[in-house]
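Take a look at these structures.
After this come two complexes, each holding subunit A, first together with subunit B and then together with subunit C.
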Partner chain A sequence: MNLTLFGQTLVSGLLQGGIYAQIAMGLMLGLGVLGIINFAHGEFLMIAMYVTLIVFRLDINPYLAIFISFPLLYFLGVILAKYLIIPILDRETMAQFLIMIGLSLVLMNLAMIIFSPNFYTVKAALTGKTLKIGEIIIGANRLLGFAISILVTGALLWMMQKTELGRNIRAVSQNRYAASLVGVNVKAIYQIAFGISLATLGISGPFLTPIYYVSPNIGSFFILFAFAIVIVGGMGNFKGALVASFLIGLADAFGAVLLPGSTGPILPFIFLILTLLFKPKGLFGGSGI
Partner chain B sequence: MINKNGIFKLIILITVIAMLGAGLAGCAPKPSGGADENNGDQGEVSNVEPVKIGVLAPLTGGLASIGEQLKNGNELAAKMINENGGIKSLGGAPLELIFLDGEGRQEVAMGEVERAIDQEKVSVVTGSFHSPSAMGATQVAERLKTPYLIQVAGADDITNRGFNYVTRVSVNLFKYGYDAVSYFDWLNKEKDAGIKKIALIFEDADFGQSTAKGSKEAIKDLGFELALDLSYPAASTQNMTPYVSKIKAANVDAVIATSFIADALLLADSIEELGLDAIKLGISGGFADPLFAENIGSKVESWFLADNFNTDIPGIEEVNNKYSETYNSKMGGHAAHAYQSILIIADAIERAASRDRDDINNALKETSITDSSKIIVPYKAIEFDEKGQNIYAEPVVIQYQDGERKTVFPSKFATSEPKF
Partner chain C sequence: MIEQTKQNNLIKTLLYILTIILVLAVLKLPSNIVHVLILVFFYAYVSTAWDILGGYAGQMSFGHSLFIGVGAYTSTLLLLRLGITPWIGLFVSGLIALVIGAFMGFLCFRSNITGFYFALVTIVFVEISRYLSLGFEWTGAAKGLYIPYKGNNISNLQFDSKYMYFYVIFAMYIGILILYKAIMKSKSGFYFLAIRENEEAAESIGINTYKYKMLATIISSFLVGVAGSFWAQYITFIDPYTMFDFMLSVQIIFFAVAGGRGTLFGPLVGAALFVPLSEGLRTMMGRIAGINILVYGIILILILRFMPDGIFVWVKDRLKNLSHGR
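Let's look at the complex of A and B:
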């Protein structure tokens, strides 16, 4: 492996990790606060991506789709939390499982009916533009997606640590009965937290769409990695998840280059299994939120 | 709460997701109603008892858009034959197509084919481009001693299992892979392309593995150097950049890729992004999909695409026009092979002068269509070898030039020169 290939793989892995991070963050917020496994998380990203596609087809800069997808997904989250998630919070885990899987299938099939199973790509201003550092080439779209990811993650961290809302969310996550005793409106917090969890996808969607493509099952491509990141980083540990995203992204990239045949993508999951074996609470410890 | 219940559920969940992912391809709802509703206009009805033909195609589910093209091709051919007096040796018996919705799922396809043979009493079955469905369906046909003419499905094993009742019109995957390299050999000899080192990149399921096997054999036979042999799992690969970096670092002269549409798009993007300087050829699948060109835009012109059909092939204008008139869409490879298959079956029934499955099977196997006016696919002739594979089925190499899909190889079908 020469230096250029190493550098290129490193950059590619880091960029990919950043992209995974923004998807994992929202997932973790929903998981940590409501304690529900949102199987449909990827499908909400798909919705944001279709919004971007529609905006693009209307001859508007696809990045501007964020002004629609962000509020849309937030409200979708609030409404879903109110009418679907909160009512099932006290049910058995298996019932929650089935409802969330069902939601995921419904959304995917709706997309198939509305938009056909076809694949669509979106061209943005940066499509095809690259940045060259020595021999290493960076796609401008990916770099932007990466930057947005870091911003989203940073904003989420700041909100959780420094704002009243963040403190309330953490309180509910730690002990919802105690939180309600001291006057926190638990149901409202649930709705807001789930809304934010989906809204992060509303931010990601417009920036990820030009890098990938849109199809009804695009969500399932991301979700497996997002879950792996949540486990490796430690439940509820936002900083841990950020680091884990980079580790998983790097493992994915180096696996592809170093391992023979099509065994490359095994590497991130070997990583996942080792984490479960030796640090079952995640590399950085699960703190709750 | 998940924090308290521990991490075990997450493991279950991941397993569930992985399993879900495998089964999601064909999950669209199926409309109610039987096969009869699918039978469209097949021309005039005569008094003679029709010859029933089962046509397997995914008419619902994720593959339905391709299934629709397949259906159209079959239907158009049957209509033309019926309008021209049906099967003359059977007193003008018309062809009656029974469409079988396989949904792109093997078990459904097998059930439908069994039903068609047992209950609908079809004389012959044809159809399918989805290899897993075709593998299962031919197994049913073999067991029930019913001839099955494969229209498009490419898996090598369909004709490699020693079945007596299976024939295939189109190119098999091994041949696709092999001929991709033959094309480079031709480029070297005729166009001084100077290709020596070749990289293969393919999705790691049967599709990619089979074409790669063909390419590797040709690389050995024709004296090229296999510089890289890369495969990736299509379902879990979202980042093609590392693979392309590796190809770039290997300094190859040419790349042969076998991908589905999603990974083909990602691969082409990464190649563009990293500025890989090599001759690129994409085999069928995602690359032959019109969506590839549509989504990639003008950079598609830097790709060679191996496919089993192109609309610029001489002598197909009439069928092509008729198709566009009837269905308001362009005829593609699937429709063309479907159309061709019905012609082949009609020819076999005509010669067999019988509705009996064994008689038709024997006649099918002795097919020899050399009259180019009866061939709308880019094959010199149609004859089956002892395994049932059409001996003359060869891929054509296509290049988009000034927005047009031009055939550049083999020379006898070429309408333009390759640009690289």
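Let's look at the complex of A and C:
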């Protein structure tokens, strides 16, 4: 492996990691607050991407889809929390997990029925443009997707730490009974938190769409990486997840270069298994929010 | 009490007679219906095997397609590359699935990985296996492997009519029922239950939980590995996408959960209700890809929401209430 290839792989791994980070953060918000393992998280990104596709097909700038996908996903999150998730919160974890798998199947196959299993591409203003740093080439779309992802992640972390809403969310996730005693409306917080968890995908979706193909399976492409990140970083540990995102992104990029044929994607998974083996609580320990 | 035992015996006798009629009737049924029956008993068998680990010992694997894939690939590669009969391949498949299951169990249970974490590791194992089988020409890569038809011959485990396959899988299903019942009544079975209900408590009364979780895993993976070989012989074509498939894992769980997790006949009830539904949807609305999985998803949500113990237990409770005059 020469230096250019190494640099190129390093950069694309970091870019990929930044995108994964934002998806994993939203997942972790639902996990940390409601304790729900949202297996359908990737399918909500899929919804945002199909919204972008429709907007693009109407000859409108695809980035403007954010004005639909952001409120739509927030609204979906609130509705789902209210009618599907809050009623099952006292059930055993695996029953919840299975229900979320059911939801994932429903959304994925609805998309397949409505939009066909075909792959679609969306062209944005930056498609085809590249940035050159020395020998290393970076796709402009990818760079924008990365920037937006980091922005969303940063905003989410800021909201959790610094705002009144963030404090309430953390209070509920630490002790829902005590939070309700001091006057926090726990059910409302659940709905808002899950709404935000999905809305993050509504923001990044339009910017990620030009990078990837839009297809019913796009959600399952992301979800396993997102789960790997949550576990490698430590359940509920936001900063750990941020670091883990880049580690998984790098493992993904280097796997594609170093491993033979199409076996590349196994490297992040092997990394996950090794983590579980030696550090079952994640590299940085689970810490709540 | 005596009245009830008599009634139970009557129901049992009727069920036996019904089973015998069904088994004989298969000879006269059209082949597409026999195909559905084969699917029903195949899934019932695999779900029951899953249930030993997932339902009875409470360790929910979301990656049991791993063992179907391993079984299918083992016997097929033995047949194609070394000319070994699938009857031997069947057992080798089971053994290799057992070794892989033991490795997975060792990884997880040694560091106390259970619940959702265990589920995720099992999913990841399937992903790794799919990429590995895609990556090498020797395993047929993305093109998959064909089992050539060498004539109606029991020593090849190949038949010219579907009903022989039905008898093989039906016999396998009866076998696993007997085994399941034996496990339920054995000391290990009680330990499995204790681990499922409260692992810490089980540990504290001196049950070696690691040992019994491993035992459940290797029994389950061996049995599913064998089924994988049967499956390859029946459909005669295997590839990484249909074998190491997350959806296949979910279906295996679905039948057990829908019918009744941790019950003897739950998986059969689940498979008997939903395999024909899925096949029917596929034939009637074949142009709409994904409709059968969509329906599975909706049913999965509804059953878990409203009948958490599955249909089998739900119906049994209703019948009990009826007979008590409520």
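Keep in mind that, in the parts below, the second predicted complex is superposed on the first by the 285 of 289 C-alpha atoms of A that agree within 3 Å, B and C clash if a C-alpha of one lies under 4 Å from a C-alpha of the other, contacts with A are read in each partner's own complex, and residues count from 1 in each chain.
Quick note on the criterion: a contact is a pair of C-beta atoms (placed from the backbone, for glycine too) under 8 Å apart; a residue touches a chain by one contact, two chains touch by 3 or more.
The structure displayed is predicted, hence computed values, not measured ones.
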| item | value |
| --- | --- |
| Subunit A as common anchor, with subunit B and subunit C clashing or fitting | clash |
| Touched partner set for A:123, first subunit B, second subunit C, both or neither | first |
| Touching partner for A:16 - first (subunit B), second (subunit C), both, neither | first |
| Broader residue contact with subunit A after superposition on the shared chain, subunit B or subunit C | B |
| First (subunit B), second (subunit C), both or neither touched by A:91 | second |
| Touched partner set for A:217, first subunit B, second subunit C, both or neither | first |
| When the two complexes are fitted on chain A, the stretch of subunit C hitting subunit B, from 96-104, 114-122 or 168-176 | 114-122 |
| On subunit A, positions contacted by subunit B and by subunit C | 37, 93, 97, 101, 104-105, 108-109, 112-113, 116-117, 220, 224, 227-228, 231, 261-262, 264-265, 276, 280 |
| Residues of subunit C defined as touching subunit A within the complex | 60, 107-108, 111-113, 115-117, 119-121, 123-124, 127-128, 131-132, 134-136, 141-142, 246, 250, 253, 257, 288-291, 293-294, 296-301, 304-305, 308 |
| List of subunit A residues in touch with subunit C within their complex | 37, 84, 87-88, 91, 93-95, 97-99, 101-106, 108-110, 112-113, 116-117, 216, 220, 224, 227-228, 231, 259-266, 269-270, 272-273, 276-277, 280 |
| For the subunit B and subunit A complex, residues of the former touching the latter | 1-3, 5, 7, 9-11, 13-14, 16-18, 20-21, 24-25, 27-29, 62-65, 204, 229-233, 235-239, 241-243, 245-246, 248-249, 261-262, 265-266, 269, 272-275, 291, 295-297 |
| Residue ranges of subunit A touching subunit B (in the complex, touch as defined) | 1-2, 4-5, 8-9, 12-13, 16, 31-32, 35-37, 39, 93, 97, 101, 104-105, 108-109, 112-113, 116-121, 123, 128, 130, 137, 139, 211-213, 215, 217, 220-225, 227-228, 230-231, 235-236, 249, 252-254, 256-257, 261-262, 264-265, 276, 280-281, 286, 288 |
